[in-house]
Amino acid sequence: MEQGRKSPGYSAADQMVVSAARRINDGDVVYVGTGLPVMATYLAGYMHAPRCVVILEVGIIRTSPGLLSRSIETLETQTMSDSLSDLFYVSSMAQHGFFDLGFMGAGQVDRYGNVNDTGIGDYYNPTHRWLGCGGANDLVSCCPKTIIILRQSKQRFPERVDFNTCPGYLDGTPGAREAAGLPPNTGPSMVITNLGIYEFENGEMVLTSIHADAGVTLEQVKAEVGWDLKVSSQLEETKPPTEEELFTLRTKVDPDGLYVDGKRAAPR
Amino acid sequence: MAKVKTLKEAISDNVRSGDTVFISGMRHGAPSAAIHEIARQRIDHLSLIYCLGMTSILLIAEGLVDKMYTGTAAQDEKTNAALQRARSLNKYPVFEEYSHFGICLALLAGQMGIPYIPTKTHLGSDLMKYNPNLTEDECPFTGEKVAAVRAVVPDVGIIHTQISDAEGNAQKWGSLGVDRPGINASNRVIVTTEKIVDSDVIRRNPNNTIIPSFRVDAVVEQPFGSFPNHLAGCYNGDTLDFQRETRKMEDLEMYLKDQVHGLGDWNEYLEKRKSIKGRDYLESLKIQNPILSDPVITGF
Amino acid sequence: MAKVKTLKEAISDNVRSGDTVFISGMRHGAPSAAIHEIARQRIDHLSLIYCLGMTSILLIAEGLVDKMYTGTAAQDEKTNAALQRARSLNKYPVFEEYSHFGICLALLAGQMGIPYIPTKTHLGSDLMKYNPNLTEDECPFTGEKVAAVRAVVPDVGIIHTQISDAEGNAQKWGSLGVDRPGINASNRVIVTTEKIVDSDVIRRNPNNTIIPSFRVDAVVEQPFGSFPNHLAGCYNGDTLDFQRETRKMEDLEMYLKDQVHGLGDWNEYLEKRKSIKGRDYLESLKIQNPILSDPVITGF
Amino acid sequence: MEQGRKSPGYSAADQMVVSAARRINDGDVVYVGTGLPVMATYLAGYMHAPRCVVILEVGIIRTSPGLLSRSIETLETQTMSDSLSDLFYVSSMAQHGFFDLGFMGAGQVDRYGNVNDTGIGDYYNPTHRWLGCGGANDLVSCCPKTIIILRQSKQRFPERVDFNTCPGYLDGTPGAREAAGLPPNTGPSMVITNLGIYEFENGEMVLTSIHADAGVTLEQVKAEVGWDLKVSSQLEETKPPTEEELFTLRTKVDPDGLYVDGKRAAPR
């Protein structure tokens, strides 16, 4: 599937990262998962959000954008941080509600924003297994807003996930998260893919923007969703990456080309 | 100096068949030398807590692991040679799955000597259904729902640090992942360290001590003891070779044969890596542009 | 630099009538300047968490304290002038009594954002009977009895540190008492510091950061801000004068009049102490034989 | 009350500190309360237990004896420690059961080893108030053995304390601590006063040694106990301080004479 390659100047992955970066406000305290979330956050740091705070689960807290590296945890990532603490500290601050935004990848995301990082099919005999959630469950359980970023396909957008690793709005009934005991005013706020951008209305994912400039059509989007997708009445066309955004992404965020088309060029 | 041991001694004295083993370092400073030694000694029926553990696949591949307490771990048997090898040995591990904070809290409760600890995470997720160490509970003051995470007390914990004195007052800096709760929860503790230093060095910066001597059973001086992982102030990581050399079954078999059982100890391993990668290889991983802190001042 | 304030501004902006206030420093580095400023501004109806607090008697004496969360505090009204003065103002505080670990756990639960935390302490004691923030509970896994300690989330926390950058990345070393859970649990944070340094100094030793900038609302540079307490790397304590000058009612009244309300700020207070004790007094408290750590190395 | 002053060479307080110091074994990990426990532990460190580990609640862990100072928490006490941690760390290690011995003072101690550091009479209208327990409740709740050291008087040795701040063996019935939820195999092991030494048999305090060389008689001891005291069938006479012990106490532990007759010479 290679939608999103009309314009020679950028890829669908670029659009995904750039769209995500734009959602970070200057000064935001952002709990950042591994991979594309780090790229997007560093891009925001170099562009419009120089004072955003980058929090990594291993205990790294930094206000100067770091160097992207092959893994989230390297000496490049640690060096000249404001604070090197630990997972307990970072997760405690998240659970207390001191962060503004969580930013994570996902194996699958469903109609109600539930994320599966575990497996497809029977838990004990899955047809596919992911690694598990790492810190992603903590992030989406605790952050007031969470952005989920992933490459979209019908298989990765089922109506209901087989295994709910990171709770979204559960079965979509109002108050379901609070009833489960999750902190109030938390949960996924946005899903950004290589095809479009989704927000949540009454706990259900709604398409709010299409990467039209990259050649994506509504039909393409719907073809890669596993349920009868709601489309916003104010559906927008995603603003394509600016030259400055692309230049910054390629020269400052990932000068060594560690990421190709949104995937790590080498194993983690 | 009675605690200073060879790695072989430290592992055979303190890691026993059936043990629950905590491995420190979420990549940063993970004790690779010690893990290779456990594989070499084929100590089995282990339950492992090792977040973002990379070299743990050696223990799984050797059929030494009964259980993994895990937040992220390769579990796709179709594509993972270590799991396939464990299956063929009829030693496929059980995975008990948490979020990383969940594992951290299990260890924190272990450190604290309490049977469980509450959290607002995990609730509403299916992790609660399948992990017997997670259950719902309610706050006795407010009645609000919480998830209770059961304490895990490792029989033995292994940490690799930049420095330690001969008594085991060990200092680690850089990102600390779940090192503090994990190593402090462990009933026995092995410190492997880049360098054994005078106690004076420790005592001039006592805030950096991650575990004090009375908690430590063995101290092993092992330069590059975390390679191919990175260690702050010491060396950068280079994990691609390890990952490549252990991915396919035939490579994994060869790695176990040549680089685990075929070698006597970690210094031979380091020599082997140099013979493959060049004489300057390890030197080239060392920090190129060291950054020095101001001295921490104490005294009266 | 928007966070850098005078102490007067920092206190009036962030400490409000009715607040629960955490004061860091179990003697070591307690923020005396800030406490005097709260007394000077007569901010009232406070609930205080201040372990081994010495200068807290000023707030009690002024009738500003509704409640003390305490492990040890003078409560013998017959012999304590501050309590007598509070009684005469009809502002005698309520004392909610824990062990020190109990207070620490209340703050830790607060830091963690959970409503309570279990412990094996306090059980069997009468502390359980009289403190409404302690109750019995049982482990949902084992059924064993535990004491549940209810979380305390301070509205504001105050910490005095050796250094901080202008953004509030603050570093404290030495013994840390309940500083970490207390300051990290607090919703607003005031850092007073001996010296505001370049962020570069902080970032060359990031493991020493006790609270990062995003958690900090105000930064105040205040040399000798912990006097008459001691502060590692800076100065020794000398608490006898304070204790003598505030013990008897007439002395306490005079202290409040002359050394709290009669002075504009902490620098005037320090001048006052020098005028009483001699020009070299503060200099003489400085560390005579400084001990320097080796530099902590980072980089890549 | 000035029993214990027969011999000009030492005071009853010296006997108390020396007797306590002798109970510390080399290598013991000792959770030490403020005041006399620190003196006794440092004395042991200079004498027969150079490898004992001194733990102070504020987070100080040291294996070299420090300088005694007016307060438990000074730069002298901190300097050249093995570890400077915090109260959470130290208390966690105690609660886990990693310490060998607790060592504390007390306001009152009763027949069953329960300690009152709170008040006499009604809690809300006491006839006497102490400061509260600080870390002493934690110590005696968690340590496998705890030594309590205090100056003895009938008022401080009631049959039952009015307020149980630090639980001993509660009402003395077998298993009472465990039934209350306290960790097994913990509790007070010894009480050392200026008159004698007490141990616990079936949860009850029993006199095992009298400071006879200091002039103390069994009658004097009994007169300062608020119940019908059990006396061990193997009652001993306390070995008086040796010259070396006294010399070490005066020249190394407390060269500045901060403690006079077991009390702080100046306020804390």
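Letters are used for the chains, namely A, B, C and D, taken in the order the chains are written, and counting of residues starts over at 1 for each.
Heads up, the rule we're going with is that a residue touches a chain if its C-beta (ideal position, glycine included) is under 8 Å from a C-beta of that chain, and two chains touch if they have at least 3 such contacts.
None of these values were measured; they are calculated from a predicted model.
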Minimal step count in the chain contact network, chain A to chain D: 2
Selected pair, greater C-beta contact count between C-D and B-D: C-D
Centroid spacing, where centroids are CA-atom means, of chain A and chain C in whole angstrom: 40
Centre distance in Å when chain C and chain D are each reduced to the mean of their C-alpha atoms: 29
Separation of mean Cα positions, chain C and chain B [Å, integer]: 37
Chain B, residues touching no fewer than two other chains: 112-114, 119-120, 136, 144, 146, 173-174, 176, 204, 207, 230, 232, 236, 287, 291, 298-300
Residues of chain D whose C-beta touches two or more other chains: 74-75, 78-80, 84-85, 95, 142, 183
Chain contact topology (line, ring, star, complete or other): other
Which chain pairs touch, all of them: A-B, A-C, B-C, B-D, C-D
Chain D partner contacts - residues on chain C that touch it in the complex: 26-28, 51-52, 70-77, 97, 99-102, 104, 108, 119-127, 130, 136, 144-147, 173-181, 230, 232, 236-237, 239-240, 243-244, 287, 291
Contact footprint of chain C on chain B as seen in their complex: 112-120, 133, 135-137, 139-142, 144, 146, 148, 150, 173-174, 176, 201, 204-205, 207-208, 230, 232-234, 236, 287-300
Chain B contact footprint on chain A (complex, rising order): 56-60, 70-71, 73-75, 77-80, 84-88, 91, 95, 118-119, 123, 128-138, 141-142, 163-167, 170, 176-177, 180-183, 266-267
List of chain A residues in touch with chain C within their complex: 29, 53, 61, 63-64, 74-76, 78-85, 89, 92-98, 142, 183
Residue numbers on chain C that touch chain A, as the complex places them: 110-114, 153, 167, 169, 184-185, 199, 202-204, 206-207, 209, 212-215, 298-300
